[in-house]
Amino acid sequence: MSDARETAFVEFERVQKSYDGETLVVKDLNLSIAKGEFLTMLGPSGSGKTTCLMMLAGFETATHGEIRLKGREINNIPPHRRGIGMVFQNYALFPHMTVAENLSFPLEVRKVGKSEREERIKRTLGMVQMQDFGGRRPAQLSGGQQQRIALARALVFEPELVLMDEPLGALDKQLRETLQFEITNLAHELGITTVYVTHDQTEALTMSDRVAVFDDGRIQQLAPPDELYERPDNSFVAQFIGENNTLAGQLTQMGDHRCLVKLDDGATIDAVPVNVSKPGERTLVSIRPERVEIDPELGPDAHTLDAEVLEFIYMGDVFRTRLRVAGRDDFIVKTRNRVGQKRLTPGQHVKIGWLPEDCRALNG
Amino acid sequence: MKLKSLMLMSGAAIVAMPALAQEMADEMTIVSWGGAYQNSQLKAYVEPYQAMHPELKVTWDESSAEAVAGMRAQSEANNITWDLVDATAADSMRLCDEGLAMEVDHDELLAPAPDGTPASEDFGEEMLISDCFIPQIAYSYTFGYRTDVDAWDGRTPDEICDVFNLEEFPGKRSLEKRPHNNMEWALICDGVAMEDVYDTLETEEGQDRALAKLDTIKDQTVWWTSGADTPQLLADGEVVMGSSYNGRLFSVIEEQDQPVAMLWDAQSYDLDGWVIPEGLDEPTLNRVKDFLYFATDTQRLADQAAWISYGPARKSSAPLVGKHAELGIEMAPHMPTNPDNASNAFVQNYEWWADYRDDLDSKFQAWLAQ
Amino acid sequence: MTDATQGPDAKTGVTPDTGLRIVEEELAGPVLAADGTPLRRSLNKALRRQKLRALALIAPLLIFVLVTFIAPIADMLFRSVENQIVSETLPRTVVALRDWDGEGTPDEEVFRDLARDLVIAAELKNHTRLGSRLNYETTGASSLLRKTGRGVDDIGEELTDQFIALNPAWEEPATWIALMADEGWIADQAEWAAEKEAAQGPFTTREPAFRLRDGVAEMLPRTADIYADFARLIQTEDRDSPTEEEPWNIVYQALWEDLTLGPVTLPEDEPLLAEAAVAAPTFDALSVTDAFVDMDRDWADPELWGTIKAFSGKYTAGYFLAAADFQLTADGIAAQPEDRQIYGLLFGRTMFMSLTIMVSCILLGYPIAFLLANLPMRTANILLILVLLPFWTSLLVRTSAWKVLLQQQGVINDILVWTGIVSNAGRLALINNQTGTIIAMTHILLPFMILPLYSVMKTIPPSYVRAAKSLGATNFTAFRRVYFPQSVPGIGAGCILVFILSIGYYITPELVGGTTGTFISNRIAYHISSSLNWGLAAALGTILLVVVLVLYYLYDRIVGIDNVSLS
């Protein structure tokens, strides 16, 4: 998505939002979304992601800055004229209307003729595999079914942009996974641009073309899921996305692609410098649990650390081992359950190590 | 023992009270009309009586307007909660006829006049209209009118038929939401002689004639149900004239000093007094009788007139009527029985009303609702 | 995904609701509980115990409601058809009237029965109540019976005199006792009298109840009948003894009738009776009919007799007919005379005004409720207190305040005159008419509209309107198609509350409604407390109740009562 900026479909430029005139909930937001892109806004609650979505939908007005849709500023266009489809957190299906009437509503207000309405409703219900449910009321549907209808209603008037505000939050895990898959497929099939808000990182990683990680009113990192996971820009992103081990230390030596970090207990390790600049700085070193090897057979220049096994958990496909490393008790190592994999016992002393490129020195 | 009973006997002789040795209830529920009238009863009868009998607790119930309904309901429920009821003459007759009120021997129950005249003679035939009725006061229904109505060009109403004269005396009137008096006044102003009023009213045609006369002012009339309504409406200027009890009008004219004057012409006399509900238990009945003996004696009835301008029912009380207890004005000229006021008075036929109340009520109420 | 029960996200599993059904479905082959009893039976047992416990918990309230609420209402409703008073007060007359054809004045026999009935009624003071009852149907009956009650005991007086003149023994109570009383009773009575004589201090034992002699009822049927009543009343009402009281005139009248009218077979050993039987036909007897007509000429009026006959049953539809502006006559159902047709008018007016009040409440209450539901909680609570404020002031105070505001010399008119909107002479009549009632009651009932509306609106998530807007609806369309339909249950609840409350209201209309702004409930109150026509009040109340239930039913059919939300 490197060409996002050239073909920007949705643009936020220096957008700020304050409710009370004292604090900013959205601070200086700049974001470009390409046509057909599936972008997820991920962040803890209160991070400003939903506010951004609401500003895009037109239910909140930006205090400062510009929001553009297809190059046109939409700050002062009321929501009903923006032509954006939206799926709400609790679906917001009109309880007094049947499924078909719910779907018919956006077409009626657009003065679509009756036969075409019926045709489109049928087609859209088919897309979400709910063609037999047109006569039911929302209350007669299960949560997943309601979710499908909400999606269908947001799609039935063929919007180019669809916003989804934590649409799967109320569903159980299995159903959620099915629907994640269906939604992304549908979005890509129809070529719709989607902005998706969630606080569930798995959802964000599995569905999105790009993920914008929000915290404290800012985008901390905007990147495709793999990059986000493997190359977090800062310790917040590293912590927020997936499981992560951090070790605190001081930068001692700085190279182009390598640096040396002296941990607080005196050991020295190699790391990739991400947002550190000069020796002497405090830094947090981040290593994913599945990239750590126990008793590694690495090159002589690789650094290893001593560790003591505190806990060993059998989790089926993986083993999860908690170690004491460099004075910390919460160092996790995940190993695959494969033939011959060692099972450690608490109290055992081992050596651990990793490839230097898996270890990232982040801001302290 | 002997000495004690002797003392008791002499005590009884001093305050001249019968039935002293009997057991008497400590509580009594008196039903009255509320307002200034009830206050006059409180000041003249109840407070002095309670001063002598501090153990007595009196509860007031302002339900006299519904005396018949209330006593009938209590009798049907077989649960008499009223001990002494203040009622109009006609209501007393109905209650007596229906066996809801107790028949009494006036000479036995009530104190003689100070000069020894028996109670029945002191009250007189015209007051003792029923065996159940223990008279207290004579009052009258009169009209009050505002003295500052511009549209009247300085004229003031001086006869009853001015009430029906909308041309000379435009403005709203207030009349009682019951047929009595209204029907009589309407007939009088329709040309029926006072003495023929009830004969006329007995016939269907007479009733229609009265209602037809009332029809002429129906849309200019505010109908009152409580004695306090007309004085209030007059004071507010909502009506320019209206009927009420003369005591209520006295209070708005003299006590509140409003620009209102009294039209005594064709004032309609009525009586008001006590009835004792049938079926009281023995101690309560003793208490009620003891209270009545005191409350209806010559002095007490005269005392009441110091609080409200109603005439005492005893002949012997009349000379004792003095000044208003608070204003200090002479009460006699404000009494309905004063010769100046009574020159063209109309005597309501309570007996006739006791008989015809049901008949005329249903007709009158239907007329009102239409 | 084509079938709700098979899709990946279908509701599955046993819930408490489906559990029972599953049990029933499987009963073809009975499922057994752990202890071997059929599962359904042990489940029912467990449920029954639960139900019993629940019943025991609500029992005090249930009994309270039954005793203090349901029972009085049932009693009141019963009064709307109950009509024992005519047949109980005039038992003989009612029987005699069965053969009357409704034409002209009934014959002498009916009047004779009437005389006997009324003497007893007057003695019991029941005749005035009968008069009031008949007066509801025929104006004039009340005064008629009051007058008659005063004169009825003179009927037969001339015969009393002639019997005594014939033989002074007829004056003696003992003569009558010997003739009428059972010998056993005479002995009992003598014993009782002796005890009373001997007793020191108060003697509380009552005289033995009078018993008629065997055979006397066949020999002298009328005399025995009335004498038995006489003796009974003397004993119960006057606390006296028939051995010491001379019979009433009507007893002599009855004796004369027995001796002259029927073939009498007198026993050998009654010389007194034999003598009377010979002399009686020569007596100078007055017509009982004439005696009644002399007391009041209305007794000759067939209409009155028609009323008595029409209302002689123990139960009557008369009150309901009266409530619908009809009357029951001897010839069947007829319309009321025009000057008494008021109930149709009043019911119509009640409905019209209640609907007007309801609509005013919606118009005024909806925006307020909407505002409340959309304000932040704290501000909404303060405003809510303002809405509830009227609840905390007495109804009378509020109504009186409206009087002060609305009257012609009142605040509103003063302001209108001052601002020049109306002239001083053209002050508006805002009170003592329908306008006054509508204004004051709209104010009083407004909270009953606002509260249900508010509670319903608060539960409508803002996301619905947002969804509608995001789907392309303008503000107005979003409101009309999405918000408003969801607030309808609140409107429904408010309407039911306001409407039902207002058709039953009577204090406010009484105070500010004058004569044109009153409701049917004012009429009910009038009949309860003033005219004392409780039967008609009950009939009107029943009709009102039925109207409310019918409206409720219609509402349920149209809107659905499940859609009503009160909280």
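For reference, chains read A, B and C in written order, and residue numbers begin at 1 within each chain.
The working rule: contacts are C-beta pairs under 8 Å (C-beta built on N, C-alpha and C of every residue); 3 or more make two chains touch, one makes a residue touch a chain.
Being a predicted model, the structure only gives us computed values, none of them experimental.
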item: Pairwise touch network: line, ring, star, complete, or other; value: line
item: Chain occupying the middle, per Cα centroid; value: C
item: Where chain B and chain C are represented by their mean Cα positions, the distance between them in whole Å; value: 31
item: Chain A-chain C separation of Cα centroids, rounded to whole Å; value: 74
item: Where chain A and chain B are represented by their mean Cα positions, the distance between them in whole Å; value: 90
item: Residues of chain A defined as touching chain C within the complex; value: 57-59, 78-86, 88-90, 92, 94-96, 105-106, 109-110, 129-133, 141-145, 153-154, 157, 163, 171, 174-175, 178
item: Residues of chain C defined as touching chain B within the complex; value: 124-125, 128-129, 131-132, 135-136, 139-143, 146-147, 149, 339-340, 342, 345-346, 407-410, 432, 510, 514-515, 518, 523, 526, 528-532
item: Contact footprint of chain C on chain B as seen in their complex; value: 66, 68-69, 72, 94, 97-99, 172, 222-223, 225, 236-238, 354-359, 361-363, 365-370
item: Residues on chain C engaged by chain A in the complex (per definition of touch); value: 1-4, 7-11, 461, 463-464, 466-475, 477-478, 481-482, 485-486
